[in-house]
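Take a look at the structures listed below.
Look for subunit A in each of the two complexes below; its partner is subunit B in the first and subunit C in the second.
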Partner chain A sequence: MVLALCAGMVIFVLAKAWPSFASNGIGWFGAGEPDTQLGDIFKSPSAPSEYVYEIGVWPLLWGTILTTGVAVFLGLFFSLFTAIFIVEFAPPRLERLLEPVVRLLAAVPSVVYGLIGILVLVPFVANNLISDERKESVGYVTQLTGASWSVAALVLTVMIVPIMITIIVDALRSVPKGWIEGAAALGVNRWRIMWTISVRTVRPAIIAAVILAAARALGEAIMISMISGSLSFVPQPVDGLTFFFEPVRTLASSIVDNAEGLSVIPFGQTIYAFAFLLLVSSAVLSWAGWAAKIPMRKYGIRP
Partner chain B sequence: MSASLTGGRTSAVESSRTWPLIDRIMLAFCWIAGITACVIAFAIVAFMAYKGLEFLRPNLFVERPNATFDQSKSGGFLDPLIGTILLTTMGTLVAIPASVAVAIWLTEYGRPFGLARAVESAVEIIAGTPSIVLAIFGLIIFQQEVFGFLSFRAEGGSVFGRSFFTAALMMSLIALPLIVGATREGLQAIPSHVREASYALGKSKWATIQRVLLPSVRPAIGTGTVLGMGRIAGDTAIVVVLLGASLQIQGYGDIPGLDILRGNGGTLTSYTYVNSPAGEGAAPDKAYAAAFVLLMISIGLNLFVSRLARSGKSASAAATR
Partner chain C sequence: MSLPGDQTTYSGPPPPVRRIVVSEEPTIVEPPRLDPSAPAAAVTGAPLTRRSDSLPASAIVERMRTENLRLYYGDNEAVKGVSLPVCRGEVLALIGPSGCGKTTLLRSLNRLTELTATARREGQIFLDNEDVDRIEVTQLRRRVSMVFQQPNPFPMSIFDNVAYALREGANRKPRKSALMEPVRQALDRAGLLAEVESNLDHPALRLSGGQQQRLCIARSLAAQPEVLLLDEPCSALDPKSTETIEQLIVKLRSEVAVVIVTHNLQQARRIADKVGFMYLGDLVEFGDGEQLFSNPREARTADYVAGSFG
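The block that comes next holds the complex of A and B.
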């Protein structure tokens, strides 16, 4: 039954999304202006032969890749160090505190993160970090309101860190005691034991953590649609510091933003195409996360 | 673990003073990361508590919301609160039997092997699917003519596909992987001699499952369920797409009770979303109050899980999945 559900999910969404892919071809992934193009699709004539499908989703893809990539990259370092801290260095009292803290961070609903982001972080960035000259310098292409991809990526980091910490901590705890004691007997200090033995042993689990966190970050819709400005803008790294303050829109958040118009047939089909892309990429990622842990079994470790 | 390194801990833990500089810098990073995590969590809770308690009034709980620009008349969040409770209950009620059945089949039967593998990875995939994609999928499915009885028809005669029924069915998919995971862990923790003892007494396999195994995995099922409830209560995307995210619960149809379930509504999450600057009604104080209630619900469910886990000593590993 579960299997049928899964297969049904892929097939149904693909069937609904197909017209959008088919009429755009490879250009579907190319550059375009999704905001105005979605508007055109929404207003397209009602005769099926005159549906407008033209869209290039590269800005949305770039937004997704940018926020997810940065969040996972930051989150990897943060959660690796936190996991090592929890397993090895934290005083027992702090360790007992940290576990509920990690669980709490995982349990906070995404809309609460979004609320904090839009009411606290975004105004802070707009008032204190972006100077007026900087706002004027890009005023003719976009407005810098403080709602930007870097703030979204930061909040996203906090959201995905608990997943990574849990996976890495579980793996670190399952490293055979004998290996650690052997190293300690050879006079290796505790940090080097962690870094050269434990962390190296659990490398597959770290990769799995990264992949699963990326899958989670890809699908985060509400929080990003609240914080990132939700404009299909393409931040250019060549803009220097301004780059960090430019708004984006991700695939998932454009689904949420456009949920109202799904009953317009070609518009709905375009949105379904976004969903299909997300579905496929997250399915591939969760399968890869499962597969990444396989090498650890050869050490006899089952995290 | 450090205790096992230094033996019975007669001396203090090895001092880091003799370590090379790079090691000490890395150790400092560990401390910073650990403390930062605590600070972020406490900052979130403290900030939400401060703002939430500042704007929370008892009347917010009993007044129905209205869409008006005059904030003194826009009411409270009675309807979203009912929506949250309704949706969570319905979602869990659907999810529990389905996922317990899947878990039992996977651990106790699991033949043919290939099928079991496939189901296992299908559960993984459902766990990894973003809720927004689940919502879109639900919309596609429930807009088919066959499922018209679950929601209502729009003016043009097409099935609208958005109702408490459809949203709860999709919400149950969010809870499913959590309950399956917890139940499987519970079942695997039961030693096989318990099953063999039951067979030796002449019980059939089904009777063993029913009388021996199910009662002993009840705490694990409970843990998974509460985790799933937390996830359902905190989800926004499905509410926005599949429930309409309206302020008031709008019944549809003539049969009392059923009309609400076939109609649109909202939950605390969508109420927060709509009232934040990202939505239409910019009423940050209402949003803060609703978000605070939401946060309290999810923290409360979490505390409940840790107590369950302490008594049932299982399935805490699934806590953050």
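The block that comes next holds the complex of A and C.
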């Protein structure tokens, strides 16, 4: 039943999106100006033979990869150490306080994060971190308003970290006590025990946490649409510090931003193509998670 | 219509349910013939003899000593003022009913009780006349290693399990080739090498229970400890593995001071040179194994050894 629903959804979306893929070919994934191209598609003539489909979504892809990748990377680092701290080093009272707080954070709606981002973080970045010279230096390409991919990635990190912490903490708690005592009896200190026994054992859970977090980050639309600047710009790492203040637009946020134009047939089909790509990437993510756990099963680490 | 019971029409083998006819001669099933050459021990259990004689007094060196050791869990006093020597060259067995502080005493010797939040210790423990509280705890546990009741090999390969303590103890990460020799040596001392030699990279958790326990002993031995604490190492094992481990313990005592907690009186009798009988946190009697079992001084010891309670 669920399988049929999934398959049905994928097929339906692919069927709807097909004209956009078919008319662009491999160039669909290539460089382009999605913002202006979407405008042209929106204004395309009403005769089906004259529909405009031309688009290159690389800027959107790059925005998605950049925000998701950085957020998951930072989140993994942060959540792993927080989880180790909660399980092994925090005094019991702090532990009892931290856990409900983390669970609460996991439930905060993303719009709230977006609101805080756009009202607090974006003005802060614009006023304090970006100098006027820096704004002028790129003025002819884009405007640095403070709304940028790095702010979006940071807020995204805050959004995904609570889920990751919860999963990793639960896994660390379930590591057999005998292994920890056994390592302690060999004269290994607490930190090394955590690192060589516990973290090693919970790798499958860490992978699961990463997959779940990446899936959430990939699909996050509203918050990113609010604070990433929502421009199909391609931030270049070679820009130095300016790189961090450049705006992006992600696949998911383009769907939200362009929702009002869906009644125009070719436009709707292009948006469906974005949705199809998101669907496929989450499928690839869950497959990758499954594949990454295979080598661990051998030594008795159960996912 | 023919029924299975109808003898006139049914000619196949007898049906599974047969009628018992009281007046008929009963069928007597022959008992299986025992092979007369089979050893009697297989049926009656191994005779209670020492695995080996005591070592000469010159080989016995005191390594650890507890002085008026008291251990508490919260307000509950688990060990009540025990003073005990632990010597190399002798196997010290702690016997007694469950919950009488044997394991707690054992775990305190390498300060493993400190992992329990509610545990508290009074009195002193010395390792080579040095107070264990003055020794850095990881250093102490490297010298005083412990094997647990349940085999607890790590979820790694056999090689990595044995090499674990070596890798963690080294300042710089040693190469695998450099570790091969000490790992094989440790496995050999634990009597496991022959069985796992060809598959050192197999997962340790796939070994049988007895092999896992010997692997845990090898893992402890790899770090060259001076004292080995064994907490009922054979309680989860079959007689064959138990025998292997007992022989191993007797062999080890000349190099390492061995303390073993056991519920198995026969085992204590087989392997121990010195026996301590603990009851409700007190060390009731401490003495030579033979003497304690055959001629106990205390009435409680005599009752326990005779099996009156336990």
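Note that the second predicted complex is superposed on the first by the 286 of 303 C-alpha atoms of A that agree within 3 Å, B and C clash if a C-alpha of one lies under 4 Å from a C-alpha of the other, contacts with A are read in each partner's own complex, and residues count from 1 in each chain.
As a convention for this text, contacts are C-beta pairs under 8 Å (C-beta built on N, C-alpha and C of every residue); 3 or more make two chains touch, one makes a residue touch a chain.
None of these values were measured; they are calculated from a predicted model.
Chemist: Give one of first, second, both or neither to describe whether A:N189 is in contact with subunit B, with subunit C, with both, or with none.
Modeler: both
Chemist: Could you look at A:A213 and tell me whether it touches subunit B, subunit C, both or neither (first, second, both, neither)?
Modeler: neither
Chemist: With the two structures laid over each other on chain A, which partner does A:I197 touch: subunit B (first), subunit C (second), both, or neither?
Modeler: second
Chemist: For A:G178, select first, second, both or neither according to whether it touches subunit B, subunit C, the two together, or no partner.
Modeler: A:G178 contacts subunit C only, not subunit B.
Chemist: After superposition on the shared chain, which partner residues are touched by A:C6: those of subunit B (first), subunit C (second), both, or neither?
Modeler: first
Chemist: In the overlay, answer first, second, both or neither for which of subunit B and subunit C A:V248 touches.
Modeler: The answer is neither, since A:V248 touches no partner chain.
Chemist: Quick one: is A:L61 in contact with subunit B, with subunit C, with both, or with neither? Answer first, second, both or neither.
Modeler: Neither partner.
Chemist: Could you tell me if A:A205 is touching subunit B, subunit C, both of them or neither one (first, second, both, neither)?
Modeler: Neither partner.
Chemist: Kindly classify A:I160 by the partners it touches after superposition: subunit B alone (first), subunit C alone (second), both, or neither?
Modeler: In the superposition, A:I160 contacts neither subunit B nor subunit C.
Chemist: When both complexes are superposed, which of subunit B and subunit C contacts more residues belonging to subunit A?
Modeler: B
Chemist: So which positions on subunit A get touched by both subunit B and subunit C?
Modeler: In subunit A, residues 181, 184, 189, 192 are touched by subunit B and also by subunit C.
Chemist: Which of the residues in subunit A come into contact with subunit B in the complex?
Modeler: Against subunit B, subunit A makes touches at 1-3, 5-6, 8-9, 12-13, 16, 77-79, 81-82, 84-90, 94, 97-98, 100-112, 114-116, 118-120, 158, 161-163, 165-166, 170, 173, 177, 180-181, 184, 189-192, 195, 212, 215-216, 218-222, 225-226, 230, 252, 255-256, 259, 262-263, 271-272, 275, 278-279, 282-283, 285-287, 289-290.
Chemist: Per the contact definition, I'd like the list of subunit B residues that touch subunit A in the complex.
Modeler: Residues in contact with subunit A: 1-2, 4-5, 14, 16, 18-19, 23-24, 26-27, 29-34, 36-38, 40-42, 44-45, 47-48, 98, 102, 115, 118-119, 121-133, 136-137, 139-141, 154, 158, 173, 176, 230, 233-237, 240-241, 269, 272-273, 276-278, 284, 287-288, 291, 294-295, 298-299, 301-302, 306, 317, 319-321.
Chemist: Under the touch definition given earlier, write down the residues of subunit C that touch subunit A in their complex.
Modeler: 110, 112, 115, 117, 137-143, 145-148, 150, 152, 154-157, 164-165, 168-169, 203-206, 216, 219-220, 223, 229
Chemist: Quick check: in the complex, which residue numbers of subunit A touch subunit C?
Modeler: 92, 176, 178-179, 181-189, 192, 196-197, 200-201, 298-301
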